[in-house]
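To keep things clear, I will list the structure first and then write my remarks on it.
A, B, C and D are the chain letters, set down in written order, and residue numbers restart from 1 in every chain.
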Amino acid sequence: MTYENILKDAGLTRAEFTGGELKVHTPVDGSEIAALKVHTISEADAQIAGANKAFKAWRTVPAPRRGELIRLLGEELRKEKENLGRLVTLECGKIYQEGLGEVQEMIDICDFAVGLSRQLYGLTIASERPGHAMRETWHPMGVCGVITAFNFPVAPWCWNAALAIVCGDPVIWKPSEKTPLTALAVQKICERVCQKFGDDAPRDLFQVLVGERELGELLTASKDVAIVSATGSVPMGRAVAGDMAKRLGRTILELGGNNAMIVALSADLEMAVRAIVFSAVGTAGQRCTTLRRLIVHKDVYDQLIPRLTKAYSTLPIGSPLEEDTLIGPLIDDQAMSAMEQAIEQAKSEGGTVHGGGRALNDQFPSAAYVHPAIAEMPEQSQIMHLETFAPILYAVKYSTIEEAIEIHNAVPQGLSSCIFSTDIRETELFLSGVGSDCGIANVNIGPSGAEIGGAFGGEKDTGGGRESGSDAWKGYMRRQTNTINYSTELPLAQGIVFDI
Amino acid sequence: MTYENILKDAGLTRAEFTGGELKVHTPVDGSEIAALKVHTISEADAQIAGANKAFKAWRTVPAPRRGELIRLLGEELRKEKENLGRLVTLECGKIYQEGLGEVQEMIDICDFAVGLSRQLYGLTIASERPGHAMRETWHPMGVCGVITAFNFPVAPWCWNAALAIVCGDPVIWKPSEKTPLTALAVQKICERVCQKFGDDAPRDLFQVLVGERELGELLTASKDVAIVSATGSVPMGRAVAGDMAKRLGRTILELGGNNAMIVALSADLEMAVRAIVFSAVGTAGQRCTTLRRLIVHKDVYDQLIPRLTKAYSTLPIGSPLEEDTLIGPLIDDQAMSAMEQAIEQAKSEGGTVHGGGRALNDQFPSAAYVHPAIAEMPEQSQIMHLETFAPILYAVKYSTIEEAIEIHNAVPQGLSSCIFSTDIRETELFLSGVGSDCGIANVNIGPSGAEIGGAFGGEKDTGGGRESGSDAWKGYMRRQTNTINYSTELPLAQGIVFDI
Amino acid sequence: MTYENILKDAGLTRAEFTGGELKVHTPVDGSEIAALKVHTISEADAQIAGANKAFKAWRTVPAPRRGELIRLLGEELRKEKENLGRLVTLECGKIYQEGLGEVQEMIDICDFAVGLSRQLYGLTIASERPGHAMRETWHPMGVCGVITAFNFPVAPWCWNAALAIVCGDPVIWKPSEKTPLTALAVQKICERVCQKFGDDAPRDLFQVLVGERELGELLTASKDVAIVSATGSVPMGRAVAGDMAKRLGRTILELGGNNAMIVALSADLEMAVRAIVFSAVGTAGQRCTTLRRLIVHKDVYDQLIPRLTKAYSTLPIGSPLEEDTLIGPLIDDQAMSAMEQAIEQAKSEGGTVHGGGRALNDQFPSAAYVHPAIAEMPEQSQIMHLETFAPILYAVKYSTIEEAIEIHNAVPQGLSSCIFSTDIRETELFLSGVGSDCGIANVNIGPSGAEIGGAFGGEKDTGGGRESGSDAWKGYMRRQTNTINYSTELPLAQGIVFDI
Amino acid sequence: MTYENILKDAGLTRAEFTGGELKVHTPVDGSEIAALKVHTISEADAQIAGANKAFKAWRTVPAPRRGELIRLLGEELRKEKENLGRLVTLECGKIYQEGLGEVQEMIDICDFAVGLSRQLYGLTIASERPGHAMRETWHPMGVCGVITAFNFPVAPWCWNAALAIVCGDPVIWKPSEKTPLTALAVQKICERVCQKFGDDAPRDLFQVLVGERELGELLTASKDVAIVSATGSVPMGRAVAGDMAKRLGRTILELGGNNAMIVALSADLEMAVRAIVFSAVGTAGQRCTTLRRLIVHKDVYDQLIPRLTKAYSTLPIGSPLEEDTLIGPLIDDQAMSAMEQAIEQAKSEGGTVHGGGRALNDQFPSAAYVHPAIAEMPEQSQIMHLETFAPILYAVKYSTIEEAIEIHNAVPQGLSSCIFSTDIRETELFLSGVGSDCGIANVNIGPSGAEIGGAFGGEKDTGGGRESGSDAWKGYMRRQTNTINYSTELPLAQGIVFDI
C-alpha cells in the first residue's frame, strides 16, 4: 500500500495534503508525505471566535443529546479503525498494533462519554437552614483548546474531546506539527458525524489548527479559550501554565513521565520480562508512560538482566507497517541524537550499556531506527532523573522495599509506576500514601497502557492534570453551588443575627 | 473590656504581642494594639523544613485518627468562641455577631472534616481485563501553605486547615499582616490541641508565619510547599499563580468577587431589602461575597431604591464591639480613600450616589468609619467592573431576564450571585448553564454567608479554586489510579497484541 | 400491514407463534394473533439451572466487555425500532408513538449501561488502622428474574436486563401472559446479538419463560434465582415479597401508582392542560405513572375543568396502529369492566363524571375501546385511593398548598407526582421532605414519562424498588466491604486490647 | 464494685431496675440483677404514635442541626464510656475491653453521622430535555424500629440510631429481653442529650420498648413503622421479613454469620494464630462475625492446629469484669447446651474435638462458662453449615485456592470472611467476584471487628441489609427523583410526539 493510499484511505484528499508549507515526513523512511497549509494567526483568531459562538449554542443542547453526537463519533471510529490506525502508524511511526490500539482508545472513551452524558452528577446537599435547599450543578465551561504531542497523535485528543463535547465545550485542536495528518483525518470524521447528527450541532464545534508553536500560544494567551489541555514536555507545560496563570485560566497538563518498575524478590520474572519489554520498547520508548527505570531487588538482578538483554536482542526492528515488527523508528534525527547523548552520559556516570545505536541504516538512511538499550547503572545517577524520549532502560539494584520506593520517588516526574511482586505487603505498601508518588501505580503490569476508566495523569513535574475516566470530566465544566430559600424567612448561615 | 484584655482572653501573653516590629492597629479606633516579631526568611525556611518532616510522620497516621485531632480542635473552638470572636472584631473591625459567626464557621468545618476523615473516598472501578482490579485512592499531598486576607482572618484558614490536616498535610499559615493576632491566638489553640492529642501529632503540624508579603512569596517559590491556598485580591492571585506555574505546583485560589443580585418583578421586596442590606453593608462591604451590584427590574426599581435608601439611613454605625452596631469601620484609611475614589468615578460615569462619606470622625479620628453608599447608575459602567472593598452598592435597571443575566455576567469576576424572584422559570434559568456564571448562585438569599457544606469559590478572575464542602478536600490530596493484575496473564489494554 | 406481517417483521416465524396453547389476542380488535407454546415447570427449572451455569462464566467476563454486549444490543434495537415498536402497539394496544417511545427507552438504557460498565464504582475508604486499606467493591449477584406487566411489555425488561447483564447477572424474563410476543421478539434479538458478540457470551444468558403465573412463582420460590425484579399490581407485589422473604432473597418491586397533579393558582394552565391530557389518557390510562388524581386550587378549578373536558371531547380514539389516534383500547374486557365499576362508585360517592363508557363498539366489537373520563369529586373519596388501570381522572379542589399536599399523600401508593406552579415556594415545598411522598416528583411536567437517567420507583405500596438510572444498578450486585492488613501488626478496631 | 453500683454508675435508679416482671440475670454469675417493668401492647402503640408525631416535627429540622444532636450524644458517650462499658459487660458477659470497644463503636458512628448530616448527598443529573433540570434528593423516611440482640446490646442500636436520627427518623428500640438494662441506660443518656439540645428535639425521638418478642412483632406489623432494622438469628429474620413483606415495609436485616478464615500456604502463621484466637473466642464466640470455620492449606495444617490448641489451653477464662480475663461466659444455659450438642454432632460426623465443656463450675455454678473448642473435621460436614453461638472452631484442610473458596462459600450464611495469605494472587482472587460471597471479606485480619466506615452486613441468609458506613444511610431515607421543567415547552421523554 502506498503512503498516498494510506492518506486517502483515511479520508484525506490530495488537495488537502499537498501544496502547503508545512512538510510532513513519515518516520517510517523519512520521506515527505504531505505539505499542509498552516493556519494564519487571523484564521486562528477566527477559529476561537467561531468556537465561542458554537459554545453559546452547544451549551443549551441537553447533555444526553450531546452524548448522542459522541456515540455517532464512536460508531464512525469503529468503521475507520483500520484506516486511521494505519495513518497513525505512518505519521508517528508506532507499530500498526499500537496504531489500532490508539484508535480503540478513542472508541472506548466515546462509549464512556456517552454514559457520562446522562450523569454529569452534581450533588444535592443537606442545608443547615429550614426551608432551604442546597445543591451543586456542573455547567459547560467554554471553549477547550487541546494541544497534543506527536507520540499519541489521536487518543489524547479524543480523551479530551469526547469529554469536552459531552460537557458542552467546543474543541480547538492544535496537534503536533509533526503529526497534523491524523488530526485532519479525525477532523473530517467529526465533520461527517456532525452532519449526520443534524442541526443542533453548531458550526465550529470541532476545529483543528495546523501549524507551529505560536498557534498553541495563541490558545494559551486568549481569554476566550476557557480551558487548555496540553500533553507534552515539562518545559512546554511550564510555558502553558505560566501563560494561563496570567489570565487565571484553567489548564489540564499531562507532561513528562520518568516511569519505573520495582522488581521484587517475589516477582514472577517470566511475566516481568514480558511486561518490561513491552513497556520499555513499545512505541520505541516514546510513550509518556514508557518504562525508563528498573529498580531490581539485588537477589534477582542477576537473573533478570540477562533475560532482558537476551529478549532485547531478538526484537524485530523494522517498518512499523510490517506485521512482524515490534520496534519501529524514533520520530526523527533529533530524537536519535538525544538518545545517543543520554547513552554517552550514562556511560560517563558509570553505566554499562547493552544495545543502543542506529539500526537499519542501509534500508532507511533517512529514518531514525535504533537498537533499544539497557543501561546498568551503579546507582540512580543524574541522567536517570531526565526523561529521554527513546528506548533506554536504566537498571539499578535495591535491598529493601523502603529503599526501592525512595529511589523510585527521587525523580522530579510523577506520571506512572509499577511493582512486580506477589507479596501483598509490598504491593499494598507501594500503593499506599508512603509508596509510589505517581498518578498511576500498577501491580504486576507495566506502567503503560492505562484503561480509559481510570483518571490519567500525575503530580510533580507531570503537571497535576487528569484526563479520561473517573471524575476527570469535571475539568471541562464549571461547578456551581446553589442555595435556594423557599421559605419566607431569611436566616443567616452560622446563626449570625443581623436585624435591621 | 480593654483591648489588652481581649488579647489576653484570647490566650495571648504580653510577651507575645509586644516588643516586635510589626505594628498592629485596630480599625475600631486606629490605635496600636500590638507590635509583633516578624519571622525572618531563615525562620520561614525552617518552618517549611519542619513541616515537611511533620508530613513524613503525619501521612502515616490513619485519617480517622487525624480526624480526631480536628474534632478536638472543634471542641476547643467551641469553648473559645466568644474570646476568639471578640479578637476577630477587634483586629479586623467586623461586628461581634460576625466575629462569632466566623468562629462558628471554623467549628462547622471541623465537624465536617471529622466525618470526612472516615471517608476520603476513592473509587473501585470495573477493569476491562480478566483477573485485574482497578481503583483510585487519595493520598496525602504534602505541605499546604495558606495565605489569608484581613477581612476573614480565621475562617478561611480553618476551611483549609481542617481539610488539609485530615487529608494528611501539615499547614503553614501566612495571615494578612493586618490581622496576625487572631492567627497567633488560633495557633496557640492548635498547639494546646496537639498536646492533648498526644504523641502521634508531630511537631510543626500547624505553623504561622508573621510578616509581610515576601514570606508569602517564599511559600509560592518553594518546591517544598506542595499546595498554596490563597485568599485575596486578583493581582495577588495572579502573582501566586505565576510563581506556582513555574514549578508546576498546585494552587487553590479564592480571589475577588463582584457579586450581584437580580431583583425580579416577582421578588418578595420585603425579603429582598433585608437581604440586600446585610449583604451590602455587612463587614462594612469587605466580604469577598459582599453584594456590590443590584440589577433591578425596571418596574420594581422605583419601589426598591427608596426602601433601601431609607433602610440605609437608619443603620447604626459605630464600634463593632458595641452590641447595637451593624456597621463597623473599614480596615484602614487606604480603604476609605478607595471608596471615595470609586464614588467619584461613579458620579463621573453618571451615577447618583446616596450616602457615602466619612462617619464618626469626631469619635474615632484615627479610624475609617464610613456611611454606606448606594449608587444609582444609568448603566453598568466601568467602575462597576471593579471590586472596591467598601460598602458601595451600584444599582441598574433591566427589562428582561436575559438582559439581566447578560449584565450580571459581564464583569471579570465570578464568585457569588443571587436572584430574588418567586418565579421558578426565572430562578431555574438563573441557576442553569446559561444563567449566572459564578461559582455560587443563590435564590432568595443574598450572595454572602455560604454554608460550609457546599464548595466555595468561583471561576474567571475569582481564580477557580474551591474550598470547604463537597469534594473540595480533593484539592489537598493526590489521586492515584491503580491497576492490579492478580492473574498469571499479561493482557494489554485496548486489546493490543505485542508478543515477544 | 397484516398482523401477521407485523409479527414477521419483528423477527418471529410462523412456527414460533402458532400451534401452542397460550392464545394471544391483540387489544386492537380482540382477534387472536398467536398461539404460543408455554414452558413446562421442568423447562423452567432447566432455564434456572442454565442461567446459573451461565452466571459462573459471565461473572468472570470483565464488566466493560459485558458492556460491549449491551452496546451491540442497543445498536440492534436502533435498527429494529420501528418493527418492534409496531409489535408493541399490536400486542398491548398503546399507540405507535408510544410503542416507538418504549423501544427508545430500551435504547437509552443500553447507552447508559454501556457507560456504567466501566464504572460500577465502589469506594476506597480511609481506615482507622495503620498499614490497613479499606474498600468496597460490587460483584455480580446471580440470576435475575424479571417479571413484567402487559402495559410496558419491553422497556422495564430492558431497564432490568441492560443493568443486570452489565452487572454480570443472567436474566430470565417472565413477561405478562398477555404480551409474550414482544418478549419473544426481543429474545431473538438478544440471541442474534450474543452470536455476534462471540464465545464469551455463555448460553442461557438471556431467557424467556412463556406462560402463566405459576412460572413467576417458580422464580420467586427458587433459591437459585438471586434477584426477582417485578413490575405489576400491589397484590402481585405482596405475593412476590412474601415468597422472597421466606428465602431472604432480594426483590426490586415496582408496583402500583395513584399519581396526582397539584394545579396551583400560579400554574400555566395552557401547559397544564396539555400535560394532563397526555398523562391521563396516554396508553389509555394504563401506565403505572398515569395521572389519576387532579388536586386543583379552588380559584382555577372552574377554568381548568371545562378546558379539560373540552380537550377530552376531541381526542381521537381508534386503532393504535393508525397515525392520528391518541387513545387506543384497554387491554381487555376485564379492564373495561373495572373502569365501569370505578365510575359507578365515583358517582355513588358524589362524583360528577364526564365521558367514560364504551367506544367504537361497532367498529371493534371484540375490543375494549373507551371514552376517557373525568370525575369531579366533592372530596378525595374511597375510589380515589384505588388504582384503576383505565383513563379515569378524578378532580378535587384545595385551598392551601399544605392541604393540597395532605390530600396528595393520603393514598397508599407512592410512585409518581407533580405540581404545576410557577411559584418556587410552592414547587420547592412540594419537592421537600414535607412535600410529595412519591419516588418521583415533578414540576411543570406530568407524572409519567421519566427519563432513564433517574432512579425509577417509589415507596409505600409501590414497593420501594428502584430501576433504571442513578445507582439503581446496585440492586443487581452484591456489595463487599474489604479490609486489607498489609502491616505485620494486628491492631483491633475501636482500639480493643486483646493480648494472648 | 457491686452489680448494683454498676447499674447506678450507668445512670439507672433503683426504682427503674426493680419491681418489674422481666427478670434480668447477669451471665457473669447467673444472679438476678434487675426486674424491669415491661411495656404493654397499648404502651407500645402509644410509642409508635408518639414517634410518628415526633417525625412530623423532626423531619423539618435541618439535617446539620439534627447532626448536632448526635454530636452531643457522642460527647456524652465519651464521658460515660467506662460506666456504660461496664454495664455492657455485666449484662451480656463480654469482657470489659470489649464492652469499652462497643461503646467506642457508638462514639465512632456518632462522629461519622455528624459529618453525614451536612452531606446526605443526592445527585443532580443531566436531563435529556432543554429547559429541564433533573435531580434526586433524599428525604426522611419515617419511624425506624430497631431490634437488637443480646450479644451486641448497644453498638448496633447506635449504628442504626445515629444514622436514623441524622436522616430525620425517630427511633423505637426493642432490645433483647436478655439485655434491656444497657438499653435503658442509653435511653437516659439520649433524654439528657435531647434536653441539652433544646426545643427542636421533639418528645419521643428516642424510645425503648422493654419486653418480649410480641413487642418486636408489633413493630413489624404496624404500617406506622416505616423501617425495621433487625439484628439476630436467621429464623427471626425470616419472620421479620415475612411480616414486612405483607405491608411492603422496608427492612434492614443483619442475621447470622458462619464466618471462615482461609489460611493459605504463604500465611504469616504467627499473625494468623493471634487473629484466629481473638476472632474465635472473643465474646465467647457469640459475635455475629465470630470465626467459626478454619479452612487450612494441607501443608500448614499440621503446624497451625497445634499452635492453636496450645494457645487455647492458656486462655484465661473468668469473670469478664476481671481485667485479665479473655473468655467470659456464654449468655445462658441454653447456649451452653447448644454448644454441647454441636460438639456431639461434630464428633459423630468424624470430628476430633479439642477443648469444649463446662468451666468454672465451682466458682460460678449458675453461669455458663465453657472451654472454647477446636473441632478438626474430616470435611465440611453438616454441623459446619450451622451457626452455633458459642466458641467452637471447626477446621478442615484444602489443597487449592479454588477448592478453599468453594468450601468457604458452601454454607447458607454470607456475613464475614477472611484469608491469611501474603500472596496477592490469592488475596485478590478471594476479594474478587469469584471469591468470597460474604458482605465482608478481609485479608490478614480476622472476620470480626469491622470499622464503622464500611458498610456492615451480608447476603444470602445474612439477610442483605447494610448498616454503619459507606452509603448505608440511604436505608433510612426515601429517594425522590425530580424533573423540573422551567421552560415554556412540554417535550416528552424518549422523543414521543403526542399533540392534542
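Heads up, the rule we're going with is that contacts are C-beta pairs under 8 Å (C-beta built on N, C-alpha and C of every residue); 3 or more make two chains touch, one makes a residue touch a chain.
Bear in mind that the values here come from a model prediction, so they are computed numbers and not experimental data.
**Q** With centres defined by CA atoms only, which chain is the most remote from chain A?
**A** Most remote chain from chain A, centroid-wise, comes out as D.
**Q** Half is the threshold here, strictly exceeded: which of B-D, A-D or B-C has more than half of its contact pairs identical to A-C by residue number?
**A** Interface equivalent to A-C: B-D.
**Q** Return the distance between the CA-based centres of chain B and chain D, expressed in whole Å.
**A** 43
**Q** Express in whole angstrom the distance between the two chain centres, defined as the mean CA positions of chain A and chain D.
**A** One centre to the other, that is 48 Å.
**Q** Using the average of all C-alpha atoms in each chain as its centre, how far is it in Å between chain C and chain D?
**A** 35
**Q** Which residues does chain C have that touch at least 2 chains other than itself?
**A** 60, 64, 108, 117-119, 123, 125-129, 132-133, 136-137, 424-425, 427, 431-432, 443-444, 451, 453, 469, 484, 486, 488
**Q** Going by the contact rule set out above, which residues of chain C touch chain A in the complex?
**A** So the residues of chain C in touch with chain A come to 64, 67, 71, 108, 111-119, 133, 424-425, 427-429, 431-432, 451-453, 469, 484, 486-488.
**Q** Chain C touches which residues of chain D in the complex?
**A** 59-60, 97-98, 100-102, 104-105, 108, 123, 125-129, 132, 134, 136-137, 139-141, 168, 234, 237-238, 241-242, 244-246, 248, 250, 253, 255, 268, 271, 274-275, 277-278, 282, 311, 314-315, 326, 427, 431-434, 436-445, 449-451, 453-456, 459-464, 466, 469-470, 478-486, 488, 490, 492-498, 500
**Q** Considering the complex alone, what residue numbers of chain A touch chain D?
**A** 60-65, 117-130, 132-133, 135-138, 421-425, 427, 443-444
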